[in-house]
Each structure stands twice: as structure tokens, then as C-alpha cells.
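Listed after this line are the structures, all set down as C-alpha cells.
Paired with chain B in one complex and with chain C in the other, chain A is shared by the two complexes that follow.
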Partner chain A sequence: MSWFAENGLLVGLALLDGLSYAAAVFMVAVGLNLVFGVMRVLNVAHGSLYAIGGYAAASLGLFVASLGAPPWAGLPVLLAAAVLVGALLGPLIERLLLRRMQDQEPVLQLLVTFALFMILEDLQKLAFGVQPVVFDAPLKWLGTVDVPFGADAIPFTAYQLYVLPGVALATLAILAVVLRYTLVGRMVVAVTVDREAARAMGIDAAKVTLLTFTAGAALAALGGALAAPTVSLVPGVGASTIVLSFAVVATAGLGQIEGAAVAALLIGLGRSFAVYVAPEFEVVVPYAIMVTVLLFRPQGLFGVAETRRI
Partner chain B sequence: MSRRAETLLALAGAALVVGLAYAVPWLRFVLTIALAKGLAVLGILLLLRAGQVSFGHALYLALAAYAVAFGTAVVPEALLLVPAAGLLAGLVGLVIGLFVVRYREIFFGMLNLALSMVFYSVLEKFYAITHGADGIRLGPVTFLGLPLAGETAEWTVLGLALVLVLGFGALVRVALASPWGEALAGIKTRETRLDFMGVSPRRVLLIAYVASAVMAGCGGALIALTTRHVTPALAYWTTSGELVFIAILGGAGSVLGPFLGAAAYELTRVYAAALVANAWQAVLGIVLLCVIVFAPGGLWGLIARRRRAA
Partner chain C sequence: MLRLEGAAVEIAGVTVLRGVSFTVPPGGRVALIGRNGAGKTTTLRTLMGLLPLRAGRVELDGQDATHVPAHHRARLGIGYAPEERRLFGSFTVRDNLLLPAQVLGLAGPEIARRLDAVYGLLPELKEFGPRKAAGLSGGQGKMVALGRALMVGTRAVLLDEPFQGLAPALALRYAEALARLRAALPDVAILITESSPDLLRALVDTTIEIERGEVSVA
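And now, the complex of A and B:
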């Protein structure tokens, strides 16, 4: 018990940190998962969309602030940047590139997204420079909250406490409702489960794919935009994000929305505890969790094992 | 293409490498790196035959490179260091392979990715041993007891690379034509059928995996001897992506493909970096896209098609 008395605050801080971190990771991973479900391609460039969303939000935010906009304007700017990136790049990539490749071998499709990642990575450096970009106006505007934890209180930024997890939860709820109860959502599920059968039922699979990819791109960009006030953006942020969301997706099982939330939470909390307990292993923990899960459940936590065909 | 034609082409290629390295001294470094990477890609090619993509073979490359770097302090003999590093990579590959060959497609790719990222962070975080992102310099190296330095060193490593490449190339060529090679391709077509014939797909894939680890290890050892400085970047997932990139660029149809691809890749990189210093990665991405769209069989596919037409 004495350990807890001494380190209780750290545990609380790690919990809060992990929660806000998991929220950002979830936004990226759930988009990746949706896109994989419909296209059967693991989009390596998904991390670049996260980075571009972050950069676009920060640049737009700094620009709006320089015009003398009030500090609350930062939040809608973050959203607007994400929608902009998703709506512009999503259809562009899907239409011009991925659609042409859909009859190719899976390896080649994967490599197409890798090529795209390489191109976007450099374009992002050319467009936004290599200096770290910091835009923390929304973070400062919302201030900090004292979170009661046992007898103590932990000061934590309201942005990370309410906005990040709030948006993630809202995204989860909206996705769950849309996928289950609306016609568009059920069409997405149908294409995910069996593209051929869905097309035979008269579903326009190409349209569904375009829609899903755009939504996934917007979610990645939103994840980047939301995380932008809490981190300083540097080149390479896309590369490290994508491997983390791969880990989340593989842990969750493919095509699982709620599973992605659970896996993001597991990995987010695991990582933030590692930061406080053993910082050397911070980067290792997500993969350790993933390997452990796959050891016991090869199809991921919530994945469904595929039947073997002869 | 007949075995004899391929042998002749391989020998002609080796002669061309020696000729170029003699005529254009700065190409010696580039060509040695290309041969070393090509060796690692040859292993990727084996896995591609089985329809599996590893996004983590940089692990074996970096493992062997660091083994050589640390090894120079104990035994400076290149003829001992390279086989030892390859053997070490093979042993680690066997342990990891026993686990990962139970998985297919994206789970296979992701597990490899995860393990290589774990190794990457170990290299980066344990500063006391690995000097983190600074990397470590190799000590003096000898060849048959004679100290290696300057031009002699360059020629010796190039020669060593050529011997290894020709040896492994011939071995893989023979192995792919054997029943084992046919079974390997069977994993891609329909694995269950192999089971029905009493062939264990896991064992077939495990052999390919260990062989690929050994080849990646030898490649990594050669890279360490050429650059004389090793950094954790060798283990980052983008290095693994690069290996898969080269495999597709060269074409998976022949054992000559990886080396053709590696030479093209390194030369493109050198020239792109000289011409557009900030966008060489984007240039490579565009090259990769063009290859996938216009020549899905890779550079080797182009040559083979021309020969068939003639």
C-alpha cells in the first residue's frame, strides 16, 4: 500500500494520459480498419493523412489566430481542417490510384499505398517545412481542470480530458449507429463481408468504397487535427502513427469498430503507464500487447476466424 | 528463361558490376550497397513466392549489422564476422519464425513489423550499449589477417558481396525449382491443398523464413562493412518497406530480379538526392507507382517480355 501512497498520483496521471492518447489513436485506427474492411488493402498512407491533418489544422489555426480571431475559434478550425483534408485527398487518392489497382495482387496494392506514403511524406515536408509546428491555442483557452483522485487532485488540461475522449466517443457512437441502422452503413457492412454478394444484391460497391475511403481519410485527418494542440508536429510523425494504428487494428481484429476502441484503450493505457514506469519501453509496449493478443487469438481480440476453403 | 541463360546473365551482370566499379570509383560504394540489399531482397522474394509480405525484415538486417559492429571489437576478421552475423540472424529467424509462420497475410506482415519495431526501440533507447540514434562505428577490420583500409577495403567487400550474391542466387534458383519451391508457391495458391497432400505448409514456410533471415543477415553484415557505421534507422519499418519495394521494382519472377531492382533503386536514389535533395523519397514513390501501374512484373518482367517477343 505504501507504494500506492507514494505513486498514486502517477497512476492517476498515467490513466488520464492514456485515455487522451487512446482517443487520438482510436480515431486513426478506426478509419484504417473501416478502409481495410471494404478495400482489403492496408493503407500505409493512412499515417500521412494523420500527419497532413495535424499540419493543416495547426497552420490554419495559426493563420486564423494571426487574423485576430478569438481563442475559441481554434476548435472549429481543427474540425474544418480535418474535413477539408479528408474531402480533398480521400476521393483523389481513391479515384486516381486505388480504384485502378483493385484487380491487382494484394502485395501490389499494399505497395501502391507505400509509394503514396513516400510521396506524401515529402510533399508534407515541402508544404509545411521541417521545423516543429506548435499550435496549442485551444489547449490554453480551455485551461486545466483539477481531477479528484483519492484524497488528491491532479491538474490536467480540459482539452485532453474532455475534448479528445469526447470526440472519440462520439465518433464511436456515430459509427456504430450508422453501420447498424442506416442504409448506407449496412451497405458498407455488406461490402465488407462479401463484396461479390453485395454487388449481386445491387449495391454500388465502387461508390461505397469511395465513401468509406473518404470517411477513413477524414477520420485520420481528424485524429491528427485533434492531437495537433497536444504535440509538436515534426517530420516522421506519420510514419510512427501508422505502425501504432497497425498494432491497434491487428490487436482488435479486422473490421471491428468497437474492437478498435478496446484495443486503442489497451494500447493507449499500456503505453502511458510505460512512460511513467519504464520509459525505455514506451515504444515496445504497444507491440508487446499486440504479440501477446495474437499469440492466444490469431484473428485478433474480436476478429472472426475465416473458414478454410479447398 | 532457361537455367543456362540465367546463369550467363548473372555472370555478365557480375562482370558489369566489376567493370563499372573499376571505371567509376564512386559507384563502388553504391554497387556494394545495392548487392547487399539485393541479397536481403532475395529472401523477401522467397516469402513473396508464398504470397506473404514481411514488413519487418529490417530486423535481421540491423541485427547482423550491429553484430558485425560489436564483433569488430572481439574478432576483426571479416571472413568470420559475416558468416557469424548471418548465422545469428538465422537463429533469431528460427525462433521468431516458429511463431510467425502460423500467421498469414496482414497478420504475418504486422507481426514482423511489430518485432522489428521492438528491436528498433531497443537499439534507440539503450544508449549505454548502442549509443542510441548516434549509432556506433565499426572498429578496424581484417581480411585473412590483413588489415582492410581505403581502396583495398572497398574492393574486398565488393568481392565478398559478389561471391555471396552468386552463391545464394544459385542456391535459391535451385531450391525454387525443387519440390520444396513448388510447395512454397502452393501456399500462395491454396494452402489447404498442401495439407491434403501431407505437406506441412508451416514447415515449408519456416524454411523459407529462416533462409530469408540468413540472407537479410548477410546483407546487413555487408552493409555494416561498407558504411562502417550502423544506426537504428537500419531497423526502422521504412527500411523493411524499402526491401519489399525493391522486390517489386526488380520483379519476383527471377532470382536476378532483386539485384536488378536494388541497382536501379540505389542509382535512382543517388541521382534523385543529387537533383531534388528534398524530394528524393517522393521521386522513388513515383517510380514505384509507375512500375506497379505499367510493369507489374517489375524490371525483370520487362526484360523477360522482350525476350519472349523476340
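And now, the complex of A and C:
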């Protein structure tokens, strides 16, 4: 009780922090999951799209602000930057590279996407430099909220409290509805489950793959763009993001949209509690969660074991 | 009329089909009989455009379909029920049946008409309708796969080992359904593969044997 009285606020802060962090990680992981589903290629360069999305959003935001745009303009700029990055880089990467790698050995696929990751990392340094980039106008514009916590209140930025989790929840809801109730969503599911059977049913699997990859790229870029106002962007942000979203996807199980949200929460909260309670374990906690889950459920928390054939 | 002419196909560098030629006439019921590994599934996948031809051609009603991509063959009117049924487990049975017709962009009334026709031929599918495909038994799944092939197979229907692993009672019902097809779809070319000719004897008018990728008319 006395520990809680002393550290209660810390717990509250860790909860809030973890929530907003989980939101950004979810955006990346859910795209990675969708793309792996339709292509069966684990795209290491997916994290670069997060980084580039973040840099593009921050740069565009600073540029628009320098033109004298009002502070609220920062929010649509974040969204526009993410859509732009996804729409430009997504089709380019899928058409020129990943499509050609689909029938190759998994080792070769990993090497190629890793090489792409290295190239994008350097291109990002060329384009945006190595100095930290800070664009926190949307954060400042929305101000802070006093979140009641027991007898106390925790001041927390409204951006991290509402915008980040709000966009992540909206993404989750839209994806769930599209995949379940629309024809294009069913075509994505069909290609994920059985590419050849899907083609035999008349589905243009190549087109579905291109569409899914572009959507995944835009989601990763949006994750980066949304996180941009809360951090200062530095080289290497792509690498840490991709590793973390691998952990989320592995923990959730492949093909699980809602599962990815739960796993992102688990890992986001685990990491932020580590930051506040035992900072030396910050890096380890996500993987400790992943390994623990995989030891008991190799298919992930929500993954379905191979369905019976006969 | 579905025709394969001089088809040579390799899978991973191994020759599987060596100059396979045969014709399934409109309204024809043709059995393709052969052991495991003889090339039955490869023949059907080739007809569906899922494997590239090294030589030879595919014709549908006299038109060259060799270079029509796989996803356009359903549009040409070829329905396909693969060996392992390959349903989409998270969809209901009804949604599995509707999918190929919806993908083709058929009009709502036309889709409803076709679904009714399939329900007429395979009444048990109507009962399964709201169930998830993953919850079906293997035999029930084969019935659904047949129904799904019929939804778009207006000119040709390819059935890959439909009796494989069916319980005797279900096999009987499946055979009855195939017999009903003859009357209901007098113009559709139907090609059925099986490892033993006995099951199909009463259902087909031509039997082709395939061994090591070569065919001979029995």
C-alpha cells in the first residue's frame, strides 16, 4: 500500500505512456502482419517506412509551419505525409523488388529486404540528415489534460491521450470491417489463406498484393508520422521499430488483426512499465513477453494451429 | 468444349506432363484416371492456368486460352474444385459459394439465380449455409467445393479426386449429385480425376488413363 502511495503516479504515467506507445507500434505491426499474410515475405524494410513516415511528416510539418500555417494544420499534414509516403514507396518497393522475391527461399527474402532496409536507412540520412528533427506543434497546440488517477491527477498531453490511441482504434475498426464485410477485404483474406485457390476463384492475386502492400506501407508511415510529434527523430528509429513490431506480430500470431492490437498493448505497456520501474530492462521486456508467449503457444496468443485437412 | 493439346509441364525442373492431349466435349463427362503422382492434379492446374506450359495449348470452345491468366479463367466459365477442397475457413459456406461470382462482378439477381441452382443440385449446402467452412467435415467440404465450382463453371467444371477420403454414405450422395448434373447442365464439359475407375464408371462417358504424365484412352 505504501509503495503504491509513493509510486501510484508512476504507475498511472506508465499506463498512459504505454497506451500511446502501443498505438504507434500497432500501426506498424498490423501492416507488417497484413503484408506477410498476402506475400509470405517478412519485410524487414517495413520499419524504414515508419522512420521515413516520421521524418516526412516532421519535415513537411516544419515547412508548412514556416509558411505561417495555423498550428492546427499540423494534424492533417501528418496524415498527408503518411499517405504520400505509402502511395509513393509502397508500389515502388512491391513492384520492383518484393514481387520478384515471392517464390524465392525465405533466407534470400530476408537478405533482400534487409538490404532494402539498409539502403532506405541511408537514403533517409541523405534526405533528412542525422541531426534530431523535432516537430511538436500538434502536441503543443492540443495542450495537456489532467487525467484523474485516484486522489491525484496526472498531466498528460491530449495528443498522446486522444489522437494516438484514437487513430489506432479507428484503424483497427476500419480494418476489421473491411476485411470481414467488403469484397475487397474478402479477397485479401482469400489470398492470405490460399493464394492459388484464390486465383482459381478469379481473384487477381498480384493486384490484391499490391494493394495490401501499399496499405501496409501507408499504415507504417502513419505510425511514424503520428509518433513524430512525441519524439525527436534520430537515425536508427526504423530498426528499433521493426524489431518491436516483429515481437508484436509473433506474440499475436500471424493473420490476427485484433490480436495484434492486444499484443501491441501488452508489449507497449510492458515496455513503459519497465521504463518507469526498472529502466535497465526496457529493451528486454518486449522480447521477454514474446518468448514467454511463444514457449507456451508457438502459434502466438491468437494464432490458429493448422486446420485439419480431412 | 475443353481441350488440352500436347501439354508439357515441369514442376521444379521435373517433367510431370509429357505431351498430354485430350478433349472434353460440351456436355461430356470425362474421367481422368491415374495413380498418385501420375499427373492428374497437374493436368487440372494446367487447365486452370496455375502452372506454365512448356509446350502445348489450352483451348476452350475453340478459343486459345493458353495465355489467359489464372484469375481470368473463372471469367471464361471454368469452375474448379481442387483436391484438398481449399475452402476459406473463416468464411461461411454461403460466402464461400458467393465469392467467385462476386469477384466476377456478376449482378445480384444473377448471383442469386446461380446460388439457387446450386442449392437445387446440392440441397445440403443450403443447410450448411450459415456455418463457417472450417467447421465442416472433409466430405461436407467436398460438396461445398463442388458447389463453388458450379457457381462459375458455366462452360467447364474440373473436379480433382472428389471421392478421395469420402465416407461411403457421402460418396453415394456425391455420386447422386454428379448424376443430377448431367440433366441440369447438358452443355457443361465436366472432367473428373480419380485413382480408381470403379467409382466413376456409371457417371462418365469417356475414361482417359494417365500414367507418368502420358495419357491413353481406355
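One rule holds in what follows: the second predicted complex is superposed on the first by the 306 of 310 C-alpha atoms of A that agree within 3 Å, B and C clash if a C-alpha of one lies under 4 Å from a C-alpha of the other, contacts with A are read in each partner's own complex, and residues count from 1 in each chain.
Just so we're on the same page, contacts are C-beta pairs under 8 Å (C-beta built on N, C-alpha and C of every residue); 3 or more make two chains touch, one makes a residue touch a chain.
Small disclaimer: the values here were computed from a predicted structure and weren't measured.
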Go through the superposed model and pick first if A:D204 touches only chain B, second if only chain C, both, or neither. second
Just checking: does A:L108 make contact with chain B only, chain C only, both, or neither of them? Give me first, second, both or neither. first
Between chain B and chain C, pick out the one touching the greater number of residues of chain A. B
With the two structures laid over each other on chain A, which partner does A:E258 touch: chain B (first), chain C (second), both, or neither? neither
Would you sort A:D146 into first (chain B), second (chain C), both or neither based on which partner it touches? neither
Which partner chains sit in contact with A:V189 here, chain B, chain C, both or neither? Use first/second/both/neither. second
Hey, what residues of chain A end up touching chain B and chain C alike? 309-310
Going by the contact rule set out above, which residues of chain B touch chain A in the complex? 48, 51, 53, 99, 102-103, 105-107, 109-111, 113-115, 117-118, 120-122, 124-126, 190-193, 196, 236-238, 241, 244-245, 248, 278-282, 284-286, 288-289, 292-293, 296
Would you pull the chain A residues touching chain C in the complex into a rising list? 183, 186-187, 189-190, 193-194, 196-197, 199-205, 307, 309-310
In the complex, go through chain A and note every residue touching chain B. 36, 42, 44, 97, 100-101, 104-108, 110-112, 114-119, 121-123, 125-126, 239, 243, 246-247, 249-250, 254, 280-284, 287-288, 290-291, 294-295, 298-299, 308-310
State the interface residues of chain C toward chain A in the complex, per the touch definition above. 45, 48, 50, 69-75, 80, 82, 84, 86, 88-91, 95, 99-100, 102-104, 134, 138, 148, 152, 165
